[in-house]
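Can you keep this structure in mind? I'll have questions shortly.
Which chain is which? They are A, B and C, in the order written, and residues in each are numbered from 1.
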Amino acid sequence: MNEHLLFNLVDLAGTFAFAISGATAARRCNLDLFGILVIAYVTACGGGIVRDACIGAIPPAGLADWRYLATAVIASFATIVAYRQVERLTYPVRLFDAMGLGLFAVYGAHKALLFTHNAEVAILLGMVTAIGGGLVRDVLLARVSIVLQKEIYASAAFLGAALAVWGERAGWPALWATWLPIVLCFALRFVSLRLGWNLPRFGRE
Amino acid sequence: MNEHLLFNLVDLAGTFAFAISGATAARRCNLDLFGILVIAYVTACGGGIVRDACIGAIPPAGLADWRYLATAVIASFATIVAYRQVERLTYPVRLFDAMGLGLFAVYGAHKALLFTHNAEVAILLGMVTAIGGGLVRDVLLARVSIVLQKEIYASAAFLGAALAVWGERAGWPALWATWLPIVLCFALRFVSLRLGWNLPRFGRE
Amino acid sequence: MNEHLLFNLVDLAGTFAFAISGATAARRCNLDLFGILVIAYVTACGGGIVRDACIGAIPPAGLADWRYLATAVIASFATIVAYRQVERLTYPVRLFDAMGLGLFAVYGAHKALLFTHNAEVAILLGMVTAIGGGLVRDVLLARVSIVLQKEIYASAAFLGAALAVWGERAGWPALWATWLPIVLCFALRFVSLRLGWNLPRFGRE
């Protein structure tokens, strides 16, 4: 029960951080109230909705569970009403974002494995859960996503999803199979952010 | 029967208006014949296809019903052959577009409610039905959608979808539960267009 | 068996060519290692994944079959390690791409027909299988797709998909119903490329 509560708390904190990143980006692009709400919501829930459509979990949890929508709405209004304060919250938002990244990757992989019994689908859709919302946000804002350009972000999601699938297949105890990949994904993302690590690029030699 | 006929007429008129808005936008971006057809078709049917994928209504009606494709093709050729005349049709096209907005929002919400029995899913997917095609059009044209930037468009779709779900849950007679939300959504959209109403923006203070 | 082997070879060669086109485009846009992998993979598999979501073939083959992912990874690393050599391979890559176009259109139409028994869905989703990956690639790179702007590309896919559905409905022998549309689509694409054929445009008179 306590573990379940912790899981839900991290889930909502991550959703909130994702929604904040969407809402601030939408506000910077001068979208209107509705545009901010849409971008906040798809950033938070877009990845999970694509995952659920791909595994046949109908209707998608991101649409059906009111708590995600409510979290996105609260994040949007916080960004509108208290933009300066939200901007100053960079540090906790990044912290929650990294926590959300880990949890989304692991939970997405777990759910996909449950529905399809296929490790490759589970790892790919774990990553989609974690980074899909960010990609949809940038597609709607008509720009190439930072996720594809630099930083250790998707790679951390890959680590989390792959480790979760491996642990589940290897029969680790549920507590370990859930939290170890989340913590490692979080740690990799957070350390790489602090130290400014990036993946290599090859575009212009 | 008469009511059903009216519903179908409004449905096709709305599809036609959506397709015209896609085809003219595609032509302005200098796309070729095929590009115009694609943009017209996804503007008209894209929202409904996403909705059907999310509720498991397989295959999506926008793909399976030849009348939608035929309407999009006719709208495309009208835009190609008689561009000046179509441009002059701004007023009726906006009228049909507003009618389509109302009908798509209400019908989308109704169908989602039928498949998922979840009011939140129904309202969200009613909005997706009404505005999703326009979003996909602008994503393919690599620009930030006007739907996210200003005007009372998505908000009107929200009103229609929410009212349709409320009416259905409250046991209104079918005629009222269908047409009252359509007419109110249409009226809000049309009045706001005439009076130049916009949602607030917060981007650059 | 021999026919099946040939089909698989053309399938993987086409996937490879699609992935190369994605990886080179991503590298030119200066994406990082992960961005190149994502763009290569969605270019190769994106169309098929959308098709499978629309017909309820869950989980999508592009996610579940490791050979597609492996092909995309190999194409990505080839593009990174040997970019100059890959650039010089324009001719074989275009050849494979045209072969992939034909095969994807025909196979996509065939699979959709099997799942939905609807000729229109089959033709549309055959085209989606063939050109969807390219559209998603260009959406993620925030640009209007060349597929919508010129060249006989989607039109060739339409020819292949329509002919495949027609042949299947008319009861042609399986060998003919499969390979004749593939070869004709390939031939139309390849000849039009060599002769510089384009569809008409109407944007700026």
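Note that in this section contacts are C-beta pairs under 8 Å (C-beta built on N, C-alpha and C of every residue); 3 or more make two chains touch, one makes a residue touch a chain.
None of the values given here were measured: they were computed from a predicted structure.
Two copies of one chain, chain A and chain B, form a contact in which under half of the residue numbers belong to both partners.
For the copy pair chain B and chain C, the superposing rotation over Cα atoms measures out at 120 degrees to the nearest 5. Centre to centre, using the average C-alpha position, chain A and chain B are separated by 30 Å. Across the assembly, chain A contributes 53, 56, 139, 142 as residues in contact with two or more other chains.
Within the complex formed with chain A, the chain C residues making contact are 26-36, 38-39, 49, 53, 56, 58-60, 63-64, 66, 69, 80, 83, 139-142. Residues of chain C that touch chain B in their complex: 53-56, 112, 115-116, 118, 120-121, 124-125, 135, 138-139, 142-145, 147-150, 154-155, 198-204.
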